[in-house]
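Each of the next two complexes has chain A plus one other chain: chain B in the first, chain C in the second.
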Partner chain A sequence: MLEIKDLRASYGKLEVLKGITLKIQQGEIFSIIGPNGAGKSTLLKAITGLMPHIEGKINFAGIDITGLQPHQIADIGIAHVQERHRVFGSMTVKENLLMGAYIKTKRRYIEENLEYVFALFPRLKERLNQQAGTLSGGEQQMLTIGQALMMMPRLILMDEPSLGLAPLLINSIYESLRELNSKGMTILLVEQNVKKALQISQRAALIENGAIAFEGSSEELRCNEEITKIYLGLC
Partner chain B sequence: MLISIVINGLLIGCIYSLIAVGLTVIFGVMRIINMFHGDAVMLGMYAAYFLHEKYGLSPYVATIVTAPIFLAAGMAIYKILAPIPPKQREMSSLIITLGISFVTATTAMLLWTADYRTVNLSYSQEVFDLLGTRIGYPALISSIFSLLLIGGFYLFMTKTFLGMSIRATAIDPTTASLYGVNVKITSMVTFGIGLVLAGVAGAVLSPIFYMYPFVGSNFVIKAFTIVVLGGMGSVTGALIGGLLLGVSEALASTFLEYSMKDIIAFLIFLGVLIFKPSGLLGGRSRV
Partner chain C sequence: MKSSKAYIALLVAVLLLSLLPLLMSSEKHKYLYDVLFTLNILILLSVSWNILGGFAGQVSFGHAGFVGMGAYAVALLHHHLQLSPWVAMPFSGITAVIGAMLIGSIALNLRGPFFALSTLALAEVTKLIVEGWRGFTMGTQGIVIAQTELLGIKTTGGLYFIITLWAAGFALLISLLIKNSRYNYYFLAVGENEDAAIAVGINARKYKLYALLVSAFLAGLAGGLIVAHTGFVDPESGFDMVRTVEPIFITIVGGMGTVFGPLIGAILLVPAGEYLRTEFTKAHLLFYGVLLVVFARFMPRGIMGFFRRIGK
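Take a look at the complex of A and B:
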């Protein structure tokens, strides 16, 4: 579904992605793990057009999306849930969800999609007219996932959904990701919480220093010696 | 007497608010300090004047004719400002729009001379009695017209997708783009809408204020005061700020010297910057 070939991206002179090649299959959760600063978030930004200079090829569902603008990529069906739950703080929860349905072809499904989001996150329904900035971190994370679902995407890029959340909340967020995936949603997950990520995903890649160090089934990565060396005994 | 001062202040305050709403939206979304805003008001006044002289159009109806022109002009000016990198935008946009402002006002001087003009309507001398205060009909109509426009604009910003995307872009353009908002086009349209509001305010002012080519500088200072007072990017803030400024000016011109009136805006401006820099309502980008 998503094919990345020799993707390079840089901030000024600093090259952050040094040739990444990946294939994400339809219907899977693919997780990208790796230390801080390895280029995980940059990879997602490069896919959705947030990096100014990229080289290589990105192909999504048969369309070459390399170098497209973020709004064009949203149109094509990729949602990008950024890290640290970036909601529109001074807008209400309802308005935030409606912004998720900004793309014209998705507006006629607003009612059904709202129902779907509320079924997944009942808390959002209670907070509908509250300003998004007043929500707790966990609720904001739910809101950003809800916004992504309003886009009816074919692929969701999730950047560190567990960041800054209490363990209980992390579990509930991951439960909803699992549920989405079981209904057929393809998810590319970036995580520092390696244990969580490898539990939920079918396949995974380890990025170090802007390049892929390992790639395989999540099972394999969990039991890989070098990875267990770095992330201590997950097997 | 106090009541009538307050009423007169509120009436003019509504129109000040309308000018400020356009300015605050432009600043909120693009961090562009639009010094040309007052000249757009001036052009709106002259446009209303000439349309009235030549075709007998009422200034209120004239706004329908001039709105598309201001929209296009605003989008064109945005095209000039767009290439400036975001970090330098506030300072550079201030200087560029100040330049456009000078050129516009000077050209207006060459074309239309420095004569004071105003639109004389058939009902200009008729008055209306409100709580013992005698109000000229044009002032009353202009104020109500402004209030309706501000109300309509508020609904536009909260109830339509375009309005919400303008607010979302003001808060976080990167995130807005990930939901499919074309930030460049949204910014361009926002600038256009901001200038339309300024032009309409000019038309609405034309029967109650004298116009001359440099009248814009007068309004731009007031509008900036209101924007700072109400909080950057806030429509409700602009409304409240405009009404406050209108009433303060009316009080000052009665109880102090008439010429003290224009000092009030500066005093409020300084006061807010020193004591409450985030504006009366605090925070920015609320509607």
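Take a look at the complex of A and C:
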């Protein structure tokens, strides 16, 4: 579904991605793990057009999306749930969700999509008219995911959904991701929480210094010697 | 609906106030009409600044640049083509819009304080160009507009009051239309969290440009009206920084991001400022400064925000 070929990206002279090649299959959760600064978030940004200079090819469902603008990529059906909880703080929960339904062709389905989001995150329904800025960190994370779902994406890029959340909330967010995936959503997951990521995903890749150090099934990665050297006690 | 009441109130207010010159003659109340002219211009400018700075969250320090472009558009059309300033008036806004496209193509790549500073710099650059291009703009010598008759009628204080009143009313109407449309949400989203706005598929740059163009049109119009009124423009007066500073103060005091905040701010500040200006030269700026500190400390959302909080 998503094919990345020899993708390179840099901040000025500093090359952050040094030729990444990846294939994400429809219907899977694919996680990307790796240490801080390895280029995980940059990879997602490069896919959604947020990096100014990229080289290589990115192909999504048969369309070449290399070099497209972020809003065009959103139109095509890739939602990017970014690191840190990015909500519109002064708007209500409902307004935030409606902002997600910005794309014209998706506006007809607003009611169904709202129901879908509420079924996944009942908490958001309870807080419908509350200002998004007053929500807890976990609720804001739910809201960002809900906002992404309002776009009816075919692929969701998820950047560190567990960041800064309490363990219970992490579990509940991951439960929702699993549920989404079971309904057919393809998810590309970037995580520092390696254990969680490898539990939920079918396949995974380890990125180090802007290049893929290892790729395989999540099971393989969990028991891979090199990885257990970096991340203790996974296997 | 509540919003339709606002439209009617605006129309009734503008119509009723248009009758003022019938009750008070321009000859007897020359000073009053001068103050009212300034008031209307500053309402127009503050509403303009608020559309970009309040609605779309893009703080501009360069509004004096758009005012100057509008002023010079009218003055140059009069000087070179002998057009009446009133015929040339639409070009004040249009010229500022063209200028804003050029400025925007550079400044809109930047965010927050960097955007603000680049608008300031680009406004100054425009002023320098006008100063330096003597053959076309007459440079620092300035341009005098001899004839200001409108459709053969002698333009008096009362007539200027009515014209600027309608211009200010027009700006408020645009502001209301934006506030009640989808664009309000797009502007709000881009202003509050540009990254999140982009993430949900909003073309942030496009909406920032829209806000900039609407804002520039109104500021340019203000410039054209000022020139028609004073009958003279030079780079110093046309691109006067005060035309950037005052609308910002007024909008912050009245309430940024609200439709009627700039109106309330102007009604409160301009008469007080005029009084201080005549009593002590330039003291009104000191007064604005003190007021700004007080508001930033105690009422950061301005008068409109304060009442809204009490209302809840």
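Note that in this section the second predicted complex is superposed on the first by the 235 of 235 C-alpha atoms of A that agree within 3 Å, B and C clash if a C-alpha of one lies under 4 Å from a C-alpha of the other, contacts with A are read in each partner's own complex, and residues count from 1 in each chain.
Note that in this section contacts are C-beta pairs under 8 Å (C-beta built on N, C-alpha and C of every residue); 3 or more make two chains touch, one makes a residue touch a chain.
Predicted model only: the values in this text are computed from it and were never measured.
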item	value
Partners on chain A (chain B, chain C) - clash or fit	clash
Which of chain B and chain C A:2 touches, first, second, both or neither	neither
First, second, both or neither for A:93, with chain B first and chain C second	neither
Touching partner for A:107 - first (chain B), second (chain C), both, neither	first
Which superposed partner A:156 touches (first chain B, second chain C, both, neither)	neither
Chain B versus chain C as contact partner of A:44, first or second or both or neither	neither
First (chain B), second (chain C), both or neither touched by A:197	neither
Partner chain(s) touched by A:74 [first = chain B, second = chain C, both, neither]	both
First (chain B), second (chain C), both or neither touched by A:54	neither
Chain A residues contacted in one complex by chain B, in the other by chain C	48, 50, 69-71, 74-75, 79-80, 82, 86, 88-91, 95, 98-100, 102-103, 147, 151
In the complex, chain B residues that touch chain A	158, 161, 164-165, 167-168, 171-172, 174-183, 283-286
Chain A residues touching chain B - in the complex, by the definition given at the top	48-50, 69-71, 74-75, 79-80, 82, 86, 88-91, 95, 98-100, 102-103, 107, 147, 151
Interfacial residue positions of chain A with respect to chain C in the complex	48, 50, 69-71, 74-75, 79-82, 86-91, 95, 98-100, 102-103, 144, 147-148, 150-151
Sites on chain C touched by chain A in the complex	185-186, 188-189, 192-193, 195-204
